[in-house]
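To start, I am sharing the structure in question, which I have written as structure tokens.
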């Protein structure tokens, strides 16, 4: 079942705020995007940009207090998740939308066997018996490439290495064949070589099962290899949204441009590594105007005064900038510098 | 695991011997002796007493004999004050009194403390949380020798609901006030520990994962959070038992219970050496064994520790 | 694809707290006994100033850290309440008896010599013939002594014993823990094993034996004995905490800098590392004082602690329990005062703990 225009997920103007000692932190402040069936969407941003909060908001895992979802819609298969009762949301979690988290070390319950943690999902959502669930758990472990799954299924999390634990997380997430998998920085805590393996695994599984994926990361390299569409977030807002191939070919936003330039190019000559100057803003105390203005090369007076418009550059490419068109036009082939 | 236990037992035995020696040494080093509190005895009688109790022999012989008896037959001798009663008999008689009060008190503390603390953690910063934390703070701050008599005053002497003291066996109503008094401070500690442990666990990533899997909140709390959250309580059982022992001493004095603690105090006041040594050794052994059990339980409960 | 479940390069990226709940460096699996031990990150205690100071060989405290903590402490109403009450009780204990003596001539030992045969114990605010009187706000005890004065004097002794004993345990514990932590290796192992063994001993029982055997002739001697006895009960956890802190700190830059400039080992331990453990030490000391006071109180209650004519709250309570049925105020006033003091100290200690490490706060 999908909504009228074939979107599996539609997020409209999502706002999630946190009440802290320092004031109200607008972690997510008006996010909108679409995800079609079978697509992979990448969400890119520095820490504090609101990317994780966005995804936690989708399945309503925001701790309340101090967080609260103050507005917007999250329409999944035609239903607005934000309007559902707690019980109904729980039916969706794990069953139709599954999530894997950044740190596999701490995301698995150290006191329970892996088998138990896998089985409880299918027992709950698919009504498996213990025996069925057990067999299914072994099958899932084999699917994600855990060697010797039959014996290892009875192990505890600390008996696996980091990469293997992440595979277990993936196995757990996909046990009930969800329609959407949200992967929150699944490889950040892992070693580089393992990263590639995990990403390959996700790609493979996605192709086999047709699951849609939202991939959150701060690593543009990951985005390039894995996603169909990308949104770039900064200070709780979407700064650029485009088809992946187009974003890398021709970006329309100074922030994205800066991000692309920061990716070290091993083939370039020896020189200084580029870093966007300054640091991410304090989201509790945002200045008026464009949040990126203090760090932006292109910034002018208007950027500090007025909030930028969300400019449509092509059919499927938008940018939040006063000078979007200009940046777009001058940025063909920007990746090497 | 087995190696761990054996290693611990190997450390335990010398420790107990050291404790016994230390106690023996303290008693011997101290000025005076057990019969000197009474009026000055004529020299002849004193000589007789010393002979009878072997006090005229050199100290190392006496020490040797004492230790030999203990190690060989677990014979701690005869009480100097309670004529004709062997130390072992006295201990055997008084132990059930202390043990039942102590065990019941700790069980009560667990039964009330754990749910109270868990609830406080779940409803953090609510009225329940604040009020239960305030009450537990009171529980920790009011000494048991203040609480006990006040409870007696209110419930026994004013309201006539419960009997004030005496011991009529485990199942009589006499046990209620002593158990409650003794239990109060542990109830408070356990509630606080549970709350802290649960809060810590509830914030952890794996609880977030559990919720993301769609499990109900009850399921998350009971099957996922509780195991980790109760770890501090398990660790606490070790020192708690030590405190429980000393607490029992006070309780027995207030409520006039014929337990081990009471005998210990009397023995100390009377300089009843065999009895003192016997009780101290017994307590030391019990504590060390209990601590070992707690460690085993801890390893049992936490799989990460198991595979060392 | 053969991944062993050992520490792989994957693992180094995870973020672990420097100390776990028991005040030991993470990865330490020994089951520690005291869950109330504080875990503070060493990052708090090491400020920039410390790095600079190591180069100059002197200790300069990073001031903003403490001011921040003080600010946070003041925001915590319960802790402030605790602080105020503690100060109030301390001041009244110290100056109260003097004031009472100056204004009414009553001392804690004063026994009225009239009416030998009458019941001497008056309830609060009651005079000789049952009329309302300000003479004895807390009543009197069996010998006719004013209870208020006795409670205040008892406070003097109880607080004094509590603080000095805590200091004793502090000195022993900090030195022990710092040395063990810094020297590390086998020495550390041995020292901590000893602590583990001592931890599982029935300390207080042995203390009772000690106190009953060595009853001092003078009340002052008895006090000294108590200091040693009580101090030796509580240094263990302090040693553990300090050791944990030192273990984490000793690999920090400022220590390496000090070593590189040739500062001697003992100087490093006591001038550089120890001051950085001040945070947890202060917190734990504040929490130890009520524990020690409680121990002293029940020792006195059992008759092994403070001896007459000196009185502590514990011994006053012991006297009062005898007559609980007829003269309940004899127990209630010392008892409630003591409970109030302990209550406040505990709140203060908790507040300090929260103030010095807000990350450990459970709200």
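Order of writing sets the chain letters: A, B and C. Residues in each chain are counted from 1.
Simple rule for what comes next: a residue touches a chain if its C-beta (ideal position, glycine included) is under 8 Å from a C-beta of that chain, and two chains touch if they have at least 3 such contacts.
Just so we're clear, the structure is a prediction, and the values are computed from it rather than from any experiment.
Just count the C-beta contacts per chain pair and the biggest one is B-C. Look at the CA centroids: the one farthest from the centroid of chain C belongs to A. The most central chain, judged by the distance from its Cα centroid to the centroid of all protein Cα atoms shown, is C. Centres computed as Cα averages put chain A at a distance of 54 Å from chain B.
Spacing of chain A relative to chain C, judged by their CA centroids, is 50 angstrom. A straight line joining the Cα centres of chain B and chain C is 22 Å long. Multi-chain contact residues, meaning those touching two or more other chains, occur in chain B at positions 304.
Listed for chain A are residues 103, 106, 158-159, each touching two or more other chains. Per the touch definition, chain B reaches chain A in the complex via residues 204-206, 208-216, 219, 223-224, 227-228, 301-304, 307.
The residues of chain A lying in touch with chain B in their complex are 59, 61, 90-95, 98-99, 101, 103, 106-112, 120-121, 124-125, 156, 158-159, 169, 172.
Contact residues on chain B toward chain C in their complex (touch as defined above): 11, 15, 19, 22-23, 26-27, 29-31, 124-125, 137-138, 140-146, 149-150, 152-153, 157, 193, 195-197, 199-200, 232, 235-236, 238-239, 242, 245-246, 249-250, 253-254, 264-265, 268-269, 271, 276, 280, 283-284, 287-288, 291, 294-295, 298-299, 304-305, 308. Taken together, the chain C residues at the contact with chain B in this complex read 21-22, 29, 31-36, 197, 199-206, 208-210, 212-214, 290, 294, 297-298, 301-304, 314, 317-318, 320-321, 324-325, 328, 331-332, 335-336, 338-340, 342-343, 346-347, 362-363.
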